[in-house]
Amino acid sequence: MRSRSIALVGLAVVAIIASACSSAATPVPGLKIGLVTDVGTLNDKNFNQYSWEGAQAGASAIGAQAPQSAVSSVSADIAKNIQSFVDQKYDVIVTVGFAAGSDTIKAAKANKGIKFIGVDQSPCLDASGVEDPTFGCKGDAAALLPNLVGIQWKEQQPGYLAGIVAASISKSGHIAAIGGTAAVPAVPNYMLGYASGAKSVKSSIKVELQYISPAPDKAAFADPAGGTAFAKQLLAKFTDVDVLFQVAGLTGNGVLQAACDAKIYGIGVDVDQFLSTPDTAKCTVVSAEKKLSKNVSDQIQKVKAGTFKAGTAKLDIGSNDVGLSPFHDSASLITPATQKLIDDAVAAMKAGTLKACDENAFGGCNIPK
Amino acid sequence: MRVDLRTPLARARSLIALPAGAILLAFIVGAVVMLVSSPLVTGHFDPSLPLRTYAAIVEGSLLSVNALVDTVVAATPLILVGLAVGLGFKAGLFNIGGQGQFLMGAVASAAAGAALAHESPIVAITLSVLAGVLAGAAYGFIPGLLKAYTGAHEVVTTIMLNYVGIQVISYLITGPLRAQGASFARSPDVQNAELPAFLNVGTGHEAHIGILVILVVVPAISWLLYRSTTGFEIRTVGANPDAARYAGMQPRRLVILSLTVGGMLAGLAGAIEILGVSGYMPAAYATNVGFDAITVALLGRATPGGIFFSGLLLGALRAGAPLMQVKAGVPVQMIDLLQGIILFFLTADVIVRFVFRVRAGHAKLDELQTVTRSYGSGTGKP
Amino acid sequence: MTSSPSPTISAPALEMRGITKRYPGVIANDRIDLTVRPGEIHALLGENGAGKSTLMNILYGLTRPDEGEILLDGEPITIKGPSDAIARGISMVHQHFMLVPVLNVADNILLGAETMANRVFLDRDEARRRIRELGQRFGFDIDPDETVGRLSVGWQQRVEILKALYREARILVLDEPTAVLTPQETKEIFAVLRRLAAEGHSIIFISHKLSEVLEIADRITVIRRGRVVGERLPADTNEEDLAELMVGREVQLVADRGESHPADVLLSVESLAVGDDRGREVVHGISFEVRAGEIFGIAGVAGNGQDELVEAITGLRRPAAGRVRLGADDVTMADPRQAHEHGISFVPADRHRFGMVTSFSLADNLVLTDYYAPPYARRGVRDDAAIAARAEEAIREFDIRTPSATVTAGTLSGGNQQKMVVAREFDRDLRLLVLDQPTRGLDVGSVEFIHRQTVRKRDAGTAVLLVSAELDEVLELSDRIGVMYRGKMVAILDGPTASREHVGLLMATGGHETPEGAPQGAAAPEPRRTGA
Amino acid sequence: MLTGLFDIPVLGLILQLLDFLLNVVTVNGPVILSLATPLALGAMCGVISERSGVVNIGIEGMMLASAFSAWLVASVAAQAFPAEPGFFFGVTPALLIGLAAALATGVAFSLVHAWLSISIRADQIISGTIINIVAFGVTAYLDLLLSRTSQPSGGKFVAFAPPQALLDLPVIGWLFRMVLAQGPITMAAIVIAVVFQVLLFRSRWGLRTRAVGEHPKAAETVGIDVIRLRYRNVLAGGLLAGLAGAWFTIDFGTTFQTGMTNGRGFIALAAMIFGRWHPIGAFGAALLFAASGALGTAIRTTPPPGQLGEILISIPEQVFSALPYLVTIAVLAGVVGRSVAPAADGQPYEREATH
C-alpha cells in the first residue's frame, strides 16, 4: 500500500523528467511566433482573439510553424508569459493590449534579437531607452528599441464613418454610442469620431456618448449581461434612439443584443461583427473596423521580409487599415447619397483635409471635459 | 493517544500523507481531463498530452535556476496571503478577504511608491512597504472589528469587502492616483521604491529582495503562534472561544488582532508584488491570490511550515504555467482546475484514504470547526 | 426478566429483551430486560452514564442494538428510526427538549406528524383545535400560537408531552423530565403523568432522583453499568435500598467532612443583581458571605440564578448592581483575568464549554488560566519546559490517568478531564474556590476524589463556594448552606444541622407557606427561555 | 405638481431626489427586474439550502457552470435539431435542451456540495469555495479550447410580448410592462419566489425545512430524515442556480464568456442575507441591488438637472457599484436592522446519537 503509492509517485517523477529532457530538442525551421494575451481569455472577440488570428495568418503566410499562445489569467502573468517565449528562443513575440506595454518594452530592451509586436501599444521611452515614467516620450523609440513595433490605430476615422451611417439611417435624429470605458484611449477615439461623423451629416442630431465603467475592468469589456442591461437602460430613457454603436468588447456584444431586442440598428466595432457575432447579425448594420488581424499578420510578414520598422505604427485609413465593414444584408439602407458622404469623408481623411476629431499630438482624440 | 507513541518520522509521514495523496489524485484527474480534451488542444487524441503538460510544468518551475527563481517569486505572495488565511483558521476565522487586503496593500504601496519615487531607495522602499502593510492591516481590521463588536460573520464581510476593494481601486487609479500623461489608467511608476533584484541571472528571471521577507515572516508567525502567549491565546480562541474567555483572554481583541495581522501579511504581499514585480498599479489589476491562498492554507493545514511548502508547490504550478502553455498548448486555466481538485480531495479525504489506504491521523483542521460554527448562531459574537 | 413482581395481570405493552449495545471500549447496555405494562408508570433508575439513555435511544430507533429484541404487544418488532417508533406509538420527551425555539407551539407539535389540508399545505386550524382539545383533556390550557422560545421550561415540557399525545403515543418515555423543573412544576407534571397513565398510556420515567422515583413510579427498574441490577415496587423499597442498588454499594449519604475552622470573612456579596444573556435580571439583590476555611454551599433547583451568580463572581458576567468584595478588594467589575489574579479559582459547570480546550494537550490545558505568567511565560514568551514540568507534577499529584502530558485533552475520560481542571484550579495560591456542579456526570471514584480535595482546600484556609443541583452533594460538603429560589437567597442555614426536608422545601417553595407558581394561564406564560 | 416645492432648501432637494428615484425606477423597471433575475434565483438557491442548514457560497460557481452548459448544449442541439422559434418566448427544442442541461449542471454541482457538506461533513464554506474554483477552472478551460472550433450559439428565449393595450393602461401599464415583457426565466423567478415563500411557511416541506435548519436534532427525533431533507434542498437549490445560469446564456444573452457571472453569485449571497433568508425578501433585495446599479447608471447617463444633479454626479460612480456589498455589511453588522441566519446554518449534522 505505502510502497504502491511511493512507486506510483516515483514513476510519475521519472516519466515527467524524462519527457522534459527529451522534448527540449528538435528545432523546427522558420520563425517561431508566440503571442501573449492581455488579462482575459483568448476568445474575447476582441484584441486577444484577432491578434491571435493575425498571428496565425501571418505565420501561415510566411510558411512558419503554427504560432503558440500564452493566455494571461492575472496581471503578473503577462511578464512571465513573455519571458517564457524568450526562454524558448521564439523569434517573434506578439503582446496584446496596452497593459502589456511596460513588460514588452522591458523584454524588448533585454532581448534585442527578438522582434516584438505590441498590439494597441505605443512605446514611450525616455532618452536612455527605458520606459518614460513621466510619459513625455522624448526618446526615439524606433532608434532605441529597433526590435519593437507598437501598433495603434486612428479609431476616430472608422468611428467618423460609422457616425455618418448612423446619422443617415436614423429616423429620429437621436443616436447613441456605448463605450466600455473612457480610460482606454481607443474607446473615446471611436466614440468622438462617431459623434463628429454624425454631426457632419446633420448638425442638429443628438448623440449620446456613454461609458459603462470608469476603469478598464470586467464590467467594461467582459460582461455581456451588464452591457445588455446598460443599453436597455439607456434605451428606456431615450426611447427615440434608433442607432446604437458599441465600443465595449464583449460587454458591447451585450449592447448589440439590446439593440436587436429593441429592434433598432446596431453598429459593431473592431471587426466585422456581422460575421463575428452571428447572433446579432440581423441588427448589425455595419461595423467600424480596424484591421487588427491583417495588421498583426502584416507585421509578422515584415519581420520575415526584413522590412520590419520599429517605433509606433499609427495605422489609419490612408493604408486602409481602418474603415467600414461591408453592409451585408443592410446594403439597402445605404442610399447613394449616404455612400457619397462616406466616400467623400474617406477621401478627405486620406487627403488629410478632414480630422475625424480634435486630434492630439499622438494621433488620438482630445477628450472634452 | 496513538499519535504520541509514534516516531517523529512516522508523524511527519502521517502529516503529509493526505496532502500528498490529494495532490497525486488531483494530477491524475487533471490528466484524465487533458486526455479527454486533447483533441481540442492538439487536433487529435493525444495520449502523451498530460505527460507533456506535467513535464513542462516541472521544467518551468524546477529544472533550472531560472525556473526555481520564478517559483520562489510566484510563491512569495501565496505564502504571505496563505499565512494570513492560516492565521485566521488558527483563530477560528475564515478570512476570505486575502484578495481585498492584498489589493489594498498593493494600491497603497503603489501610491506611496509614486509619491516617494525620487526619494532615496531605502526611504522610498521602507515607507512604501509600510504603506502597503498598513493598508492591508486596516482592511483586515474592518471585518475584525465588525466580527468582534457586531457579530457580522467574517466570511460574508470579507467577500463583500473584496468586491468593495475592486471599486476603491477603480476609483483611486482612474481618479486621484492616475498617472498624468499615461495613455491608460494606471498609477505612476514607483521608480526608486522598486525592490532591487538581489539575484539576477541575466535572463529576465529576477529574484527581487522581497522574497527574502519569507525567511523572516514564516518563522515569525510560527514563533507567534507556538512560542508566544499571544499565539496561545489566538489558538485558544480558535479552538474554544468560551474557554478563552474563561481563561481571562479577550476574544474580541484576539479576533481583531488575528484579522489585522492577517491583513498586514496580505498587504505586505500586495506591496511586494507592486514594488518588486509590476512597478505600478493598473486600474484593472487582476490577481487570484486570495483564493489561491485558501488552497495554500488548507494544504498546509494552517501551520506556518505547512503553508511555506504548500505555497512553494502552488508557486511552482503558477511558475510552470507559462511553459505549459508554450510547450503543451494547454490553457492556463488547467492550473485553476488542478487547484480546485486538490482542494476537493483534501476535503474529501475519505477518497484519498480509500485509494491509498492511508491510515493517517485525523486530517480535518480542528480550528475549522469553529469557522462555520458561528455562521448561524445568531450574532456569532465572540 | 420474565417473573414480574407486579401483581398486575394485563399483558405487557412493551418488552425489551436482552438488549446489548457496545461502543468501542464500553458496553453501554449489557443484556438488558425491561417490561412495561399498559397504564403503568415505570421508572428507570440509574446513575448518569449507567446506560439509561442508550436503552431509550434504542427503543426510539436513534441507536441500533447489537443484540436483543423488542416486543410490542407481544409482537417482535425492529425500530428503524424515530418515525418508525412514533408510528408504533412510542414517543420520547428528551432531557434537552427537542423543540425548535423560533417556531410556535402548534408548528412544533405538528412537525413530523403534520395535519394536512391537502397534499401540500398544512391544516393549521385543525391542528390548533386538536392541540387545544388535547391540552384541556390533560388539564392545561395552551396557546398554540405562542412561540416556544418564549415559554417557561415547564410549559415547554408540556409541549413535549403534547407532541407525544398528538401522535397518539401509547408508550411515553420521559428522560430526566424534572432536571430543569422547579418542585412546583414537577408536581404539576406528575399530575399530568398520572392522568396519562390513568387513560392507559404506559410511561417510562428515567431518573436518578430517588425521591421522585418513589413518588411517581408504579414499578422501578434499576440499572448500573449497563445492566439491570434489580426491580422494585415503591411499596417494597426505600431510598437507601435504591441508592445501594444504583451505586453498587452501601452509600454513605453523609461523608466525613471533618470539622471546619472558619476564619475571617473573605468573600462578601452585597445586594448583587445580575442579568441573563437577554438582559433580564435573574439574580435579585443577593447578599451573603463566605469565610476563609469554610464551604458555603448553594442549593437550589437548576435555573434559579445560580449560574449567573457564579459567573458574576468569577468575572464572566458583569453584575447589574451590588458589590462583590474579596477581603479588602472590590472585585465587582473584575474580568476573569482580574478575578483569577485576585486568587479566585473557578471550576465551571460545563467543562467542555468553559473549562478546557479539547484539542489542546493536557499540559496546555493545565496552564490554561496561568499561561501568561511566570514561570510558564516571561514577557509574552512561553516556557515550554516549565509547562511540561508542571504537567508532570499535576499528573502525579492528582492521579490523572493519561499516557503522557502531550496527549490531547479530548482523549481523556470525563473523570480525568475534571481532575485536570481541578488540578489546575485547586493547585495554586488561591483564596476563593468557586465550584459549579463539580461532579456532574462523573463516576463515583472521581466524585469522592474531588470531594476529598475540596475538603482539603477548605482545611487549608480557602473559602469555598459550592453550587450544585445535587442537594445531597450540598448537604454532604457544606458548612453553611444558602438556598436560592427565583434569583433570591431565601435562607442561609447551618450545614451540619440542616435537614434534607427543610432545604428541599425551601428549594421548592422559597419558604412560603403556599408554593408560588400556581398554574399559569397559557395566554401569558412566564417568558423564560430554556438553556437547552 | 411637486416641482413647485423643489426650490425649498434641503427638503426640496430630498423631493427632487425622490422624484428622480421614482423616475429611474419607472423608466427602468423592466431592466431592473431582468437584471435582478439571476440575483434573485441565486439568492433563493441560498435560501432553500441555508434554511435547511447548509451554507452555500458556491452559488457563483454553480451559476457559471450552468451558464456554460446551457450555452454549449443549446448550441450543439441547435445544430442537431434546427427549428424555428416558437410563438411563446421563441422556444425551440435546442433551448429546452440547453435549459435542461443548465438545470442538470446546477444539480450536479450542488450534489458535490451536498456530498461534501452533508455526507462527509466537510466545512461548508470550503466546499462552496471548491465549487467556485472548479466551476471557474473547468468552464474557462473548456471555453478556451472550444473557441478554437467555431461554435454558433443556440439562440435565446425572447421576451413575452403582452398586448399593447395592456401596456398603455395608465399607472398600472408600467407594472405590466415590467412583469410581462420579460423572458421566461425572469417570469419563472417571480413565480418561484411567490410559490417558494408560500411553501416555506405553509407547507409540510417548509415546516420541516425550517425545523431542520434551526434544530436538526429535534427534527430527527420526530422522525424527519435530516440528511435526506438537506440533500433534497441543496439539490433543489442547484436547480435554481442552474436556472440563474441559463438566464445568462439563453435568456438575457446568447453567448458564454469566461467568468461571465462576474461576482453576481456573491451579490446573490448578499441578497439572501439582506432578504433575511426569505424568498420574497431575497427577491426584494435582488431588485434593490439591481436598482442600485441602475441608479448609478442613470446618474451618469441622464443626471437630474440642478443642484441635485451636481451632488449626485460628484459621488464617484464606484460607490453605486459597491453599494450592494456595503449594504450587506451594514445589515450583517446590525446597522440597518439585523439579519439572523437559521440557527443550525453551517453545522454538519451527525445522525447517530453520541455517547
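Letters A, B, C and D name the chains as they come in the text, with residue numbers starting at 1 for each one.
Heads up, the rule we're going with is that contacts are C-beta pairs under 8 Å (C-beta built on N, C-alpha and C of every residue); 3 or more make two chains touch, one makes a residue touch a chain.
Predicted model only: the values in this text are computed from it and were never measured.
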item: Pair with more cross-chain C-beta pairs in contact, given B-D and B-C; value: B-D
item: Mean-CA-position distance for chain C and chain A (Å); value: 74
item: Between chain D and chain B, distance of the C-alpha-averaged centres to the nearest whole Å; value: 30
item: Centre distance in Å when chain C and chain D are each reduced to the mean of their C-alpha atoms; value: 47
item: Residues within chain B bordering two or more other chains; value: 170-171, 175, 331, 333, 336
item: Contacts with two or more other chains, residues of chain D listed in rising order; value: 140, 144, 258, 316, 318, 321, 343
item: Chain C, residues touching no fewer than two other chains; value: none
item: Pairs of chains found to touch, sorted by chain label; value: A-B, A-D, B-C, B-D, C-D
item: Sites on chain B touched by chain D in the complex; value: 33, 37, 40-41, 94, 96, 146, 150-153, 155-157, 159-161, 163-164, 167-168, 170-171, 175, 291, 294-295, 298, 331, 333-341, 343-344, 347-348, 350, 364, 368, 371-373, 375-379
item: Touch list for chain D against partner chain C, complex; value: 199, 202-205, 207-208, 210-211, 214-215, 217-225, 343, 352-353, 355
item: Partner chain A, residues of chain B touching it in the complex; value: 20-21, 24, 27, 48, 51-52, 54-56, 58-60, 63, 66, 70, 74, 117, 166, 169-171, 173-175, 179-185, 188-189, 191, 203-205, 273, 277-280, 282-288, 319, 321-323, 325-327, 329, 331-333, 336, 356-357
item: In the complex, chain B residues that touch chain C; value: 1, 4-5, 227-230, 232, 235-236, 239-240, 242-243, 245-249, 366
item: Touch list for chain A against partner chain B, complex; value: 1, 4-5, 8-9, 12, 15-17, 19-20, 23-24, 34, 39, 42, 68-77, 79-81, 83-88, 98-99, 102, 107, 110-111, 122, 124, 131, 133-136, 181, 183-185, 213-218, 220, 362, 364
